[in-house]
Amino acid sequence: MIHTRKLLQAGSLLMVSLMLAVLISACSMGPSDPHTITFWTTRTGTVDMGGWKKIIAGFEKANPGYHVKLVGKPSPSQGDATALITAVRGGTPPDVFEVDRFTVSQYASIGLLSSLQPLIEKEGGKTFSDQYFPFAWKETMYQGESYALPFDSDARGLYYNKKLLREAGIDPSILDPKNGPPTIDEIMEISRKLVKKDSKGNYTQLGLIPWDGEASPATWGLSMGAKYYDPTTCEFTAFEPAFKKAFENYAKWSKELDYHKVDTFMATYQPPNAPPSETPFFTGHLGMSITGNWLLSSIRDYAPKLDYGITYLPVGQKGDKPFTWAGGYALVMPKGVKNVDGAWKLMQYIAGPEGQRIYSLQTQHLPTLKSLIDDPEITAGNQKFFASMMPFTLSRPPMPVGAQIWDAMDTAKQAVLLGDSTPQQALQNVYDRVQPQLQQFCPFQLP
Amino acid sequence: MKSALSMEPIEQQDLPPVKREGYKVSIWQKIWDSIVARIFLVVMSVLFLIPLYWMVATALKSNEEMSVTPPTFIPQSWLWENFVKAVTIIPFGTFFLNSLLITALTVIGTVVSNLIVAYGFSCIQWKGRDQLFYLVLITLFVPFPIALIPQFDLFAWLGWVNTYLPLIVPHFLASAFSTFLLRQFLLQIPQDMLDAARVDGASEWRILWTIVAPTARPALATVAIFAAIGAWNDFMGPLIYLQDESLQTLSIGLQMFRSTHDIQFNLLMAASVLIILPIMVLFFAFQRFFIKGITVGSFR
Amino acid sequence: MQAVKKAGLTRRERMNIVKGLLFISPWAIGFIAFVLFPLVYSLVISLFRYSGMQAPVWLGLQNYQRMFTDPLVGTSTFNTFFYTILAVPIGLVVALLLAIAMNRPVREAPLYRTLLYLPSLVPAFTIAFIFIVLVNPQFGIVSQFLGLFGVPATNYLGDPTSAKWVIIMLAQLGAGNAALIFLAGMNGIPTTLYDAARIDGASKLQCFFRITLPLLSPTILFNLITAISGGLQVFTPAYIMTNGGPNNGTLFYMFYLYRNAFSYAQLGYASALAVALFLVGMVLSVVLYTVAQRFVNYEVGA
């Protein structure tokens, strides 16, 4: 009868579905094999994935018998450790994970990572770590031990549009890096000459927007010598002179340039359906931009005819030494990894000369190995300028509350720019958010 | 079964033959109705279509065209190869099949389990039923981030990580949303009808599948579509449970068009168009189930 | 049966309870595993400081006390309530309008229905980026439209309040979902009722308010409660599009919770936040549901 048929249909459908599900799960559960190494990356863009595949091919050729499983774990939000936390807790961590180097200290502090120190000692301790630039190695340290191998790096500088400068009657050669870094005042002066408005008073051209791009509190702070941390009081130094000046500058510039007008300008001239790395700098509406070496590949792809130059980041006084700071990625071994030998082999390869060479060529990022920095193949064209800064590059002090500091500083910057807070209030908010968290880790030593 | 079910609502029987004659609507009225309705529809469709038009237009643009300010409304170049690029750059085929499998199983599980559970909460009169239903209601408010960790722990303990099981099995255990939805519909079925069937000797199971399920078709179709879209676009689940590229889904694949300092918008949009195409077709084909619903007043 | 009030349950009643429980057993298993267990877990963890990895440290009620002094809790609560109070009614109205549109007996109705539902199909990741284009100060449709009324071009995503409005508007693109539910509900109303009313001389508006709305009340209740649930837990736009900015203007409660759990590794605090959110939602929904029982008509024939 029709009723029993329906009943049987429903029942059998359920059975079949459940069986299918179990079958699928059974198929994917294979025995774990010491010659299989799982590698997760959060950088899953097509260019990055291309780079990974090449590196893995190189590794497998150099280490026959080993097989690397590459898994992309994209992370929409910054500092988001969801996939890693759940995996380590559940006992299913990857053997090697690629993370933002800036977060290593934080992940180490909550017990997500295995210390690499014993493995590094076996490889020669200091001779091993000396291969890498100090700024990159520092970021891998937590409480005296290293938890990561630094992998790639970036660098920041000031880009300027030569054509727009000439149109405003400025000789672009004054910004040539041969003359040393420009001062903040100099740059703001040039910037004022580049301002153009339309009949309604909206901006159609600007010089430098001193809070956009990489002109973050970190950049201005570090340029004026920010230390971030006072070990004697175990305090986050929110109110140190460098940060104070940086935020006072934000407040000053916001008023001078009228933040809302600039904001509208930015949202207007940033090609809306183009990548975030593109700025009005490409379309000739912005004369100068503080950003990183990654812009080079975007220029190559999207604005190959741009007439531009690069120089050092602006400094406080004339005669100050050139400065920049860098971020980048690193390789970590999560806690609970069983295949330590395989993982360490892979990490050494990727963060070693072969891996870094392949990756730098593919992605136009900078390597962290001293030995590769002078290689003309890797640091071709304008990349050479950024590479030349590696020996004196700074990095952000690695703290277990790094993500909170970054978020809080960013919010504080927005608040000051919008006029919702005074610099003092904003810094107080940052301190209030960060200090209680930092307190839990006292006593704490920076590397 | 016919005997118990031949109860027609009184209104229909009372309807005078006047219906045929007195209910004449003038031609002008008809034209006006259809024109006004059409204008309304066209306006709303255009509003809702703007984002989609933009999606398709962007998918066809070249890299250079995307940096043009002001952005072009109609793409100057119609790069159909963007679609080809989108499916070759990421393992689109694998992701597609995986998403398909998960979605299909999810829909089956959702429809079957929620129907059964909703039936229990609505068509059977039992003491404590409505009080217990409050528990279903409050489930809607459990914040997902803190459920993530204990659930992952549970699945890890079961050994189900890196399989599809954590993504599918929960749907076979009913969900607050779908149960609530179905219940609201099932409560509108007159109890007398079900009681009559019971008097005739039908078991609850039989009543469920022969009377209630066909009546609830619009609601079931709705539940099915929601389940399908939810599973198709789900990102968090596949992210934390699937650890093999061969198992990953389209929603993860979509993220691969973004790198740290760059988003390939045109390819992202092309991939998105391809991703919504199957569901769109599904929806178009099966929407008669939402509409041609058997009204409460006239059962077979 | 009426005259005699027996103590305890009759055999029939007991049978029904057994049947009822059997039918809802799948849900019961799911409830215990995926709702009760996580809730109890969170409740316990909220009394500790826990990173998710290391040994938990007993804090008692400190996490809850912290919630009262944490300015971001205030900000995020305000943001979430702002969103919910606006998005819920607007969403219901838009969904109702959509459903009415989808229900028009025109020949190409299937086409229109699909077109109107389409935005709800697009993955959140994609639609967020599209919407950013649409609210562009100079070229976006929104600005061009408002410009006709003399509104100057502003970056809607650059101001904390207008950014919330952008997200509220973005949510309306997904109104197709609630509309579908209304649609299914509308089709459960017998056309005979409308015919009878028309004969009695009722206008279209009267039909709507006297027949459609009351008979739609079960679905309205459903959409209302689920909309509130969605509003209180709004998360994805902040996660994908705005990262909580500007100046924490779109830092929704759920997003702050998520950040505490997975970016700052403060699982204990996040659990406390979650417990609070859950309690508020629970009370709200129970009250609403109970009160609504008086206004909702279930059986059409009744």
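Lettered A, B and C in written order, each chain numbered from 1.
Heads up, the rule we're going with is that contacts are C-beta pairs under 8 Å (C-beta built on N, C-alpha and C of every residue); 3 or more make two chains touch, one makes a residue touch a chain.
Just so it is clear, the model here is predicted, and its values are computed rather than measured.
J.: Taking all protein C-alpha atoms shown, work out their mean, then name the chain whose own C-alpha mean is nearest to it.
T.: So the chain nearest the centre of the shown protein is C.
J.: For this structure, I'd like the pair of chains sharing the most C-beta contacts.
T.: Summing C-beta contacts for every pairing gives the maximum at B-C.
J.: Would you kindly say which chain has the C-alpha centre located farthest from the C-alpha centre of subunit A?
T.: Farthest chain from subunit A, going by C-alpha centroids: B.
J.: Let me have the rounded angstrom distance from the C-alpha centre of subunit A over to the C-alpha centre of subunit B, please.
T.: Their C-alpha centroids are separated by 39 Å.
J.: Could you grab the centroid distance between subunit A and subunit C? Build each centroid from C-alpha atoms only and quote it in angstrom.
T.: 36
J.: Centroid of subunit B to centroid of subunit C, CA atoms only: how many Å?
T.: The mean C-alpha positions of subunit B and subunit C differ by 16 Å.
J.: Residues of subunit A that touch two or more other chains: which are they?
T.: Within subunit A, the residues that touch at least two other chains are 76, 82, 85, 89, 268-269, 272-273.
J.: Provide the list of subunit C residues touching at least two other chains, using ranges where the numbers run on.
T.: Within subunit C, the residues that touch at least two other chains are 52, 125, 129, 133, 138-139, 262.
J.: Please set out, as single numbers or ranges, the residues of subunit B touching at least two other chains.
T.: Those would be 54, 58, 71, 148-149, 172, 255, 263, 265.
J.: Which residues, counting only subunit C, touch subunit A once they are in their complex?
T.: 49, 51-54, 71-72, 125, 129, 132-133, 136-140, 152-155, 157-160, 239-240, 243-248, 259, 262-266
J.: Inside the complex, what are the residues of subunit A that reach subunit C?
T.: Checking each residue of subunit A against subunit C gives 76-82, 85, 88-89, 106, 110-112, 200, 202, 260, 263-264, 266-269, 272-273, 335, 401, 403-404, 407, 410-411, 414-415, 418, 420, 429, 432-433, 437, 440.
J.: Which of the residues in subunit B end up touching subunit C in this complex?
T.: 9, 11-12, 15, 18-19, 22-23, 34, 37-38, 40-41, 44-45, 48-52, 54-55, 58, 70-71, 113, 116-117, 119-121, 124-129, 132, 134-151, 154, 170, 172-175, 177, 179-181, 184-185, 187-191, 204, 218-219, 221-222, 225-226, 229, 233, 235, 251, 254-255, 263, 265, 268-269, 272, 275-276, 279-280, 283-284, 287-288, 290-293, 295-298
J.: State the interface residues of subunit C toward subunit B in the complex, per the touch definition above.
T.: 9, 13, 16-17, 19-24, 26-27, 29-31, 33-35, 37-39, 41-42, 45, 52, 97-98, 101, 103-104, 106, 109-127, 129-131, 133-134, 138-139, 141, 173, 176-177, 180-181, 183-185, 187-193, 195-196, 198-199, 218-219, 221-222, 225-226, 229, 232-233, 235, 254, 257-258, 261-262, 267, 270-271, 273-274, 277-278, 280-282, 285-286, 289, 298-302
J.: Residue numbers of subunit A touching subunit B in their complex, please.
T.: On the subunit A side, the touching residues are 2-3, 6-7, 10, 13-14, 17-18, 20-22, 24-25, 28-29, 38, 40, 43-49, 69-74, 76, 82-83, 85-87, 89-92, 94, 268-269, 271-278, 280, 282-283, 285, 292, 294-295, 298, 301-303.
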